[in-house]
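The two complexes that follow have subunit A in common; it is paired with subunit B in the first and with subunit C in the second.
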Partner chain A sequence: MTELITFTVVGLAIGSIYSIASVGLVVTYTTSGIFNFAHGAIGMFAAFIYWQLRWDSAWGGEWPAPIALAFVLLIVSPSLGILLQAIVMKGLEGTSETTKLVIPIAVMLAFIGITNWVWQDFESRIPEPFFGRDSKWELGDAFITTHQTIVVVVAVFLAILLKVLLTSTRIGITMRAVVDNQDLVRLNGSNPNASALLSWIIGSALAGLAGILISPLLGSLNVLALTLLVVNAYAAAIFGRLKNLPLTFLGGIAIGLAVSYWNWVSGTGRKWPWLSELRATIPVLILFAILIVLPQERLRGAAIKKHREVFTTPTMKSSILWGIAFVVIISGLTPMLETKWEFSLSKGIGFSIIALSMVLLTGYAGEINLAPLAFAGIGALSAYQFDVGSTVETGAGFATLSTLLALLFAFLVLSAFGFKRKKLWVLSVSIALATLLLVTIFDDTTGTGIASRESMSISGILVATLISGIAGALVALPALRLRGLYLGLATFAFAIFVDKMVYKQRQTLSLDIPFFGDGEDITFNIFNNGALNMPRPDFFGINFKSNQSAMLILLAISFTLIALFLIRLKRSTYGRQLSAMKDSPAASATLGLNMLRLKLSVFTLAAAIAGFGGALHASNLRAIQEDAPFTVFEGLGLFMLTVVGGIGYVSGALIGGILYGTAFIVMGDFWAKLSTDWNSFNWLFTFVHDFFLFLGPAVAGIGLGRNPNGIASQIFDGFRVLGQRESRRVLTIMITIITSVWILRVSNLIDGWTFLLLSLPILLISTLIADKRSNLEEAETRNWELLGINTEISMEDEAFLDQMLDLGSYKSQQISKVDRDE
Partner chain B sequence: MSELTLAGITIRFGGHVALNNVHLAVESNSITGLIGPNGAGKTTLFNVTSGLLKPNEGTIRLNDQVMTDLSPYRRAKLGLGRTFQRLELFPSLSVEENIQVAAEIRGEWFRSSNGASSVSASVQQVMKLTGLNSIASKSVAEIPTGKARLVELARTVVQGPSMLLLDEPASGQNENETEEFAQILKILNSEGVTIFLVEHDMSLVMDVCDKVFVLDFGTLIADGSTEEIQNNPVVIDAYLGGING
Partner chain C sequence: MDKPLLELENVSTGYGIIPVLHGINLSVGKGDIYALLGPNGGGKSTILKVCSRQIDPWAGSVKVAGRSIEGIAAEDLAKAGVCTIPEGKGIFPNLTVEENLIMMTHACQSLQAIQSVTFERFPQLGNKRNQLAGTLSGGEQQMLSMSRALSTNPKLLLLDELSMGLAPIIVKDLYGIVSQLAEEGIGVLVVEQFARTVLGVATRAGILINGKIISEGSPAELEDQLSDAYLGTKGNV
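Our next item is the complex of A and B:
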């Protein structure tokens, strides 16, 4: 009985905090239509500030609790809300689902970056509960702390207050009306911006409160743990279907209780050690389950908004030329670059290969996947376990497994390519047999087992690809009905699951495959000691171990081949079907497209690409850890920067990967070098260095994540414009500067890396300037009042007017267009 | 013989009854109209028929096949095609590709020996019929609504449906375009396609339809030939009453 009361009270207290956080999330979502990924990060930030004011010995500290609370909750958090709404979130209405996800993710990464920057040292920061650790009262034999009591009372009070605000006050009703129709609210004389602002103020304050309340329960402050706590709030918010506050509140409490009771039942992991991490994943599992059980919005015309992301596909010929050029440039760079820089660049290209999986899945098919690196991680782990790590004792088991995986994989993917019955069977079986041959003969993996190899083999990479692909199918299978935000959240939940349950797994598991070998055939120790040493490949007679240049070129060639495959795919029947599914699910369904089969296949294929990239990337890095490089946060960062690069283009993946894996680190390094060279400006260069390292990706995301087409297309457009007559001046200036930099390089005044660092941005910036100038000229010549009087009305004009008048129903296009014009 | 039969279709959205026990039959090889004031439930009826919505009660038959529980894509395979009131084109594809993708989907239903060539032949044929040849390579985001309606029609016609549901195809078209559209509908009908048409443009309805159903507040209030409907006092009242609130 005592235990029941204790665990119930703990569950209620934690649940109340989840409720507070999730209610805040729902308030911002219902009034602004934006699912605030940064919600947890705001709470985390508030908890750090509160700690600083109350307990830090160096600055602040010793503030009385009420004053510190009032300062954080009434001044800091609301100001953050105002800043976010006024500067970042305001322009997001009517933009694409992807943009609406990317910007809050960027904000989240910004908060994490700022906090890591400000509170850099590894000091342990331990917040105290209200009225201290000893303040408690008795209920039966159980003790209840004052902190727990306060948490529950505050949560109930806030819930009632919000309910009254949203249903019985004028501003509250306006807030709810804004979600339904901004224009109507405006016509009725209310200001939608004011109510959106208020909702962000309330949301941020609630996030801050949740952060402060929960931090004493977690021990010392931890940036990522606090940020991730909000995932529990996601589950509650989805339980309330993102609009129902009472249900959301109950959902939070229920999740808190579920976690607490699980701790009780499982004896905090003592009875089933393998499941010890499960308590941390319960909310994620609940989130996944709720998403799947929740009735989905039906497919209908107006519900799925169209947006102005129209990705053009390059021709095959020009793609091949660009691809060759890319490999040649990379190969040509290798003699110029030190090994250290080669390694940096190869890291970026490794990420680019993984980012290609998002081009296929999100760019081409419109399915959002926030777990790209989870699939990459699964790939790397599989390569390790099945190739180099001697997991499988018998070669026969390994060969069987690879063959079956290949058969399943071929079936899943090929059936959506229009192959049926006999053809499908023949092809799939051939692929499976080819796999068998490769594994047994070519790579010689039968016999006593693979044992510990010293290098990565082709079979290892192949099995990594297959296993990730099948994992993709397994995740996609329950999530097939989900789209947009909901799919994003489901994949996000999967990424956290992999983080907690796979990367943190230390137990040894044994499995017996029937009919093969004797005893236990497979012995898993997924993540021994939290780090795995990944060997480099050793094939085609090239030893990649000592040769970083060869590794870099191998990565570049792999990227190019997959990229060309994707472009070819885009131009095929399969690619057109992906476009159709992305553009209009309703029309695709009524035209008889089997979207479930198509989705399953594209998920499998994309996850396989991620797995392939993950195995190769890990092998290039030589080691992977539980907290790098395949965690959920890194996945979000890569997703965000791929959108910045242009998620509809393979070149966008290249830019995204290099930005993520190379650019910011190299830039940080550059400034760090400057700060040691010019000591008197040390403070400035250190600041810039820290800025790039901590905030670079987030700032790029916030600044550039809005352009649905990404910078890749702008750059390519820019190259085209640069070739035109009008841009002669820009071209001349560009060539002059680059030539001067080159002269500096030739006369050895600067090194090769500085040359690149100076000339590449100039090249890119001039294309952007040229593009901008040509757009401006075009805009100036358009005079709509005189249309039809001094010019003929072209078909494009008519189409544009139709869209502006909503004759054809491209409503959200119209909104986003008007937004931009404002 | 009836091509499409709806029997006792009822659908509720919460407390609102969008369609109330609707019985109707569209005769094979006819052009049948469905009219009614805004909010009468016309598009809902199309959504139920094409499978985007499940009815709470009632059965739907195409020819003699019950398809109430079939998914939209299976209904398409049975020969049911539709267009949308709010355009549902594929803006990332060109005009020709919009039609091509539909033809390719059809090609996957049946095993045809000459896949690619029959796809391209049928696409060319439909583009000729609808007169879209001149703008084949344009992006559908860049064409006016009148043309976009034609693309939607062509996209479903290329699949060779026996039954076509057209949801307000004339909205956004100018008079000439509507006249040409009517001609295309007559050609299709003469080739054996049954057409079921929701339309506000009465001149189009009166021009092409053999028979008209009238829907008001989710209930079927009248049916008959175009002349009968024009003079039906209940129908006149529904339209005028609709205006007065």
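Our next item is the complex of A and C:
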């Protein structure tokens, strides 16, 4: 009985905090239509400030609780809300789902970055509960702390207050009306910006309150843990369908109780050690379950989008040329880059390969996946388990496993490519057999016992690809109905699950298959000490272990091949089906497309690409750790920067990956070097260095995440002129000069900096020259979309428009057909 | 006091860089019902948006009761007595009927006054106070949006396609209300596709094609030209 009361009270207290956080989330969502991913981070930030004011002896410190509380909740949090609304979130209505996700994610990363920056040192910061740890009262035999009591009372009070505000006051009703129709709110005589502002103020204050209340329950303050804890509230918000406050409130309480009772049943995780991290994942499991079970709202009338992405597909020929150019440039760079830089660049390209999975899934098919790195991590771990680990102990067992996986994989993917019945089976089985053959050929250890080796094998990568592909299908299967935000949240839940249950897994799981083996037939020992040493590959007779250049080129070639595959895919029937699904699932369903198969296959393919990239990436890094490089937050960062790069383009993936893996670190290094060189400006350079390191990605996301096409298209517009016929001469001259500079560099006549200083401007200048030359010719007809607005359209104009719209070939085809007919 | 309630002088505007209106001149006086007719995409709704300050004119001036409305916020104009019922349903679908009425109080009327006017005129809304407005029938939704025109005592009423999707009998009813309002002395500018009904109550009418008012006059005069306008035999200037 005593235990029941104790655990119920603990559950109620945590649940109340979840309720407060989730109610805040719902308020901002119903009044702005934006799911504030940064909600958790705001709570975390507020908790840090509160700690600073209350307990830090060096600065601030020792403010009385009521004053500190009032300061944080009435001044800091509301100001954050105002800043967010006024600077960042305003103007997001009518933008694409992706943009609406990316901007809040960027804000979230910004808060995490700022907090890490300000509270840099690893001091342990321990917040106290209200009235101290010893203040408690007795209920039966159980003790209830004053903090818990306050939490519950405050939560109930706030819930009632908000309900009244939103349904019974004019300002509250106006806040809800703003979501429906801003313009109409104006015509009714009220300023919609004012109500949006108010909702952001309330939202951030509630997030802050939740952060402050929950922090004493955690022990020492920890940026990511605190952020994730408030993220748990997302499940409650979804339970209330993002609009129903009472349901949201109950949802929060229910989640708190579920976590607490689980702790009770499992003896705080001691009973089933390998499930010990489950308590941290219960909220996201609930989130996933609710998303799947909840009946989907009928689609609201599609809002007219202000910005539409227009992703053009490059032709196969130019893609191949670009691909070759990319590999040549990377190979050309290797002689002049120090190993350190080569490593940074390989890291970026490793992320780029993983980012390609998002190009396929989000860019082509319009399905949002916030767990790209979870699939990559699964791939990396599978490759490790096969090549080094001891999960699957015999080569024969391995061969069987990979053959079966290949069969399933091929079946899933091919069925969406229009293969049916007999043909489907024949093809799948032959692919499976080919896999078997491949695995047997490339696996020297098959049949000889333990598959433990010092290098990563081709079969290891193959299995990694297959396993993560199947994992993708398994995640997609229940989530097939979900789209947009809801799909994003479901994949996000999955990413957190993998984060906690796999990367934090310290236990060995032994399963006993009855009547078989010695009692521990399958042992999983995924992450027993928080880091795994990933081997480098050793194939084609090249030793990638000591040769970073070879590794870099291998990554570049892998990237290029997958990118070309994607472009080919995009140009196929399958690719057009994906586009159709992206544009209008309803319309494509009525056209008879099998959406389920399509979605399942594209998830499988994308996850497989992520897994392949993950295995290669981890092998390049030589390690997988619990906190790098496959965590939830890194996944969000990569997603965000890929959108910045241009998620509809393979080049966007390249830009995103390099920004994420290379650019900000290299830039940080650059400033760090400057600060050692010029000591007197140390403070300035250190500041800039820290800025890039902590805030670079977030600022890029906030600044550039709005452009739905990404920067890839802009860069390519710049380069396109160089590729035109008129620019041939400029292009030749440019290539000649850069090649000669490169030869100078390789023969060590100039150093790396000089090379960069010479070749980058040449590149820029030649682009400009080419642009100018072609501009001169096009000057008259540039605004072709405006033709005929002021004057009649002439025959020439019409021909020109046909040419611009690519109708020329169509017409001439028609004409030649007519000719033939005659 | 003989200043027109609404006066457009040489107004041009558009969206982005695409021009829509070219030099519109128009005036609506007290008690007038001005019917603006014309084919789809002519720019009728755009005129109403300029008058209600949802978009800025590029050139020319818009005056309400003799004063230029340049720089005034749309919500302030609404408070000052310019009531705009936009195209489609001018209601908030996710609020209840009652809450929709509460939203109307932003135009400085008491809730009691709004409720009594609305429920007296449209008794069937009275039984549905707590129903979500989005679940009302099309006619009821239109009634709800018209109740703002009725209950907030506007000086100038701008109506966009009142008849859209409604049974002729309801349309007739609604225009009955409009002409009553005009008799009480307010100015009305209505945009319509459905010419017959509105010409019955209008005092003046204009035909708008491709962003220009190609003819203007009494309803009777215009009735003959309408078919030409819609069939596109005129006005392809």
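To be clear about the criterion, the second predicted complex is superposed on the first by the 696 of 822 C-alpha atoms of A that agree within 3 Å, B and C clash if a C-alpha of one lies under 4 Å from a C-alpha of the other, contacts with A are read in each partner's own complex, and residues count from 1 in each chain.
In this text, a contact is a pair of C-beta atoms (placed from the backbone, for glycine too) under 8 Å apart; a residue touches a chain by one contact, two chains touch by 3 or more.
Treat the numbers as computed from the prediction; the structure is a model and nothing was measured.
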item	value
Subunit B versus subunit C as contact partner of A:L162, first or second or both or neither	neither
Partner chain(s) touched by A:K582 [first = subunit B, second = subunit C, both, neither]	first
Partner chain(s) touched by A:R170 [first = subunit B, second = subunit C, both, neither]	second
Which partner reaches more residues of subunit A (counting touched residues only), subunit B or subunit C	B
First (subunit B), second (subunit C), both or neither touched by A:V643	neither
Subunit B versus subunit C as contact partner of A:L187, first or second or both or neither	second
Partner chain(s) touched by A:L221 [first = subunit B, second = subunit C, both, neither]	neither
Partner subunit B, residues of subunit A touching it in the complex	298-302, 306, 308, 310-311, 418, 420, 573, 576-577, 579-580, 582-584, 586-587, 589-595, 795-796, 798-799, 801-802, 807-810, 813
Interfacial residue positions of subunit A with respect to subunit C in the complex	167, 170, 173-174, 176-177, 179-181, 183-191, 786, 789
Subunit C residues within the subunit A interface of the complex	17-19, 52, 54, 73-76, 78-79, 83-86, 90-95, 99, 102-108, 148
Subunit A contact footprint on subunit B (complex, rising order)	47, 50-53, 71-77, 80-82, 84-93, 97, 100-102, 104-109, 111, 135, 138-139, 141-145, 147-148, 152, 155-156, 159, 171-172
